[in-house]
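Worksheet for the structure shown next.
Naming follows writing order (A, B, C and D), and every chain is counted from residue 1.
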């Protein structure tokens, strides 16, 4: 019997819906992507009129957050010129290391996937991603 | 005011939900992707345990159907050895030309996007894609 | 606490060692790759003097077998000209659909990864892959 | 009679095992890759729960170290803004120029391959890579 690799579709869709709700509350137009524990896409939504370039960025943020099990912005703090991870973005077919991607954990604290959000300021992107991740128990 | 390029998120999500419903009725595990009139991803869902390789294929089917405004299987009939479009699959970063991708039209018959489905036989993939496309008015 | 996505390193290394043993028995020079349930590389070995071009092929075989949870040769039977999956190889950054990749299951029959072998005839590649997969309980 | 291009599988596996031993001693979860004198992958291991994004990074570190026959961190010192090798990371399908990759030499001091390690701080990555390289005589 095939099974999900970490996060289920039902959980991923709940994360997307919670993120879209937060996006509408704060008046942004977002792209929202959720990947599983293997960094494979599980659910995605592009709000009408959201930046087209953020379709790819939201997916790369989700994968980056799962690849390293931390918020994407934490990596960006280390990948600056002179930083210990300078230009890590060249790996894995392209990483995005500014805020907007966060791991998704289950009730036991295990990482089961990640969410990536792109479409506004990085602060807003992060806020919306957090709202999405919080919807998964 | 930014606006959708053809299909809206609401319409795309309706197409995904109708496709998932059909998939469950016929007992398959599908990946379902919907792109807009610009061939950009709008909505996506991966059923628990569906083939991981079909995540990419479903998206390529959706784009292929919109790139040429016809069902993907119609292109596959022409891309065979000796055919007029032999190996067209090498273009556009990779096309998929077997059944499972169909254009989505609005009430006026205008193409506003496309849906791609992958996860079972190509006959089932096409059936589920048709069910998704039919949910958009 | 981080955990493996399906197959563990210990299991993957056992599969590689069993495959190398079989390769030596039948007098071939092989590349052997094992991926986890998320299609990510876990273990790899290249025998001295094995074809360099098979380093990539063995990894693509392993990923292809996990992407569709079946031996790679089963897909190749359908991707021929006129077949229902013609040119599926253009997806997922390149698939390999001739024999040599097989899923790896645990004792409960759940797919936990896959092994890909390349370096000789496809019959030998498949034989060595089977020997590797059989070493995982 | 085909032969290894520099490092043998036996030597590469000894390097991987020594690196894994060091990783366990210092309490990290690492990805370890060894390439030959032609910069082709010879052996690889991913510890259970190690970062998935480091699978690619460890291989890029190993290749980078062999491409230029020096520790990856030495290149990173020159690839900063204003440096003589600014953004060299764009070449060769993506380089990684922070510490964790080191050349592997034989008893005569000839470079026969390289090892790349990723999964912790760059200091730990480098320490583990050195331990791996030192296991090859």
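Criterion: contacts are C-beta pairs under 8 Å (C-beta built on N, C-alpha and C of every residue); 3 or more make two chains touch, one makes a residue touch a chain.
By chain, with names taken from UniProt: A, B, C, D = Heme-binding protein.
Since the model is a prediction, treat every value here as computed from it, not as a measurement.
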Rotation angle (°) superposing Cα atoms of chain A (Heme-binding protein) on chain D (Heme-binding protein), nearest 5: 90
Proportion of interface numbers common to chain B (Heme-binding protein) and chain C (Heme-binding protein) (over half same, under half different): different
Approximate Å spacing (C-alpha centroids) for the pair chain B (Heme-binding protein), chain C (Heme-binding protein): 29
Centre-to-centre distance between chain D (Heme-binding protein) and chain B (Heme-binding protein) (centres being mean Cα positions), rounded to whole Å: 42
Centre distance in Å when chain A (Heme-binding protein) and chain C (Heme-binding protein) are each reduced to the mean of their C-alpha atoms: 30
Contacts with 2+ other chains: residues of chain C (Heme-binding protein): 1-3, 5, 36, 38-40, 69
Interchain contacts, given as pairs of chains that touch: A-B, A-C, A-D, B-C, C-D
Of chain C (Heme-binding protein), residues touching chain A (Heme-binding protein) in the complex: 1-3, 5-6, 36-40, 69, 110-111
Residue ranges of chain B (Heme-binding protein) touching chain A (Heme-binding protein) (in the complex, touch as defined): 1-5, 8-9, 12-13, 29, 36, 38, 40-50, 52, 55
Residues of chain D (Heme-binding protein) defined as touching chain A (Heme-binding protein) within the complex: 51-54, 56-57, 60, 76, 79-81, 87, 89-90, 94-98, 121-122
Of chain A (Heme-binding protein), residues touching chain D (Heme-binding protein) in the complex: 38-39, 63-64, 66-69, 81-82, 84-88, 90-93, 95
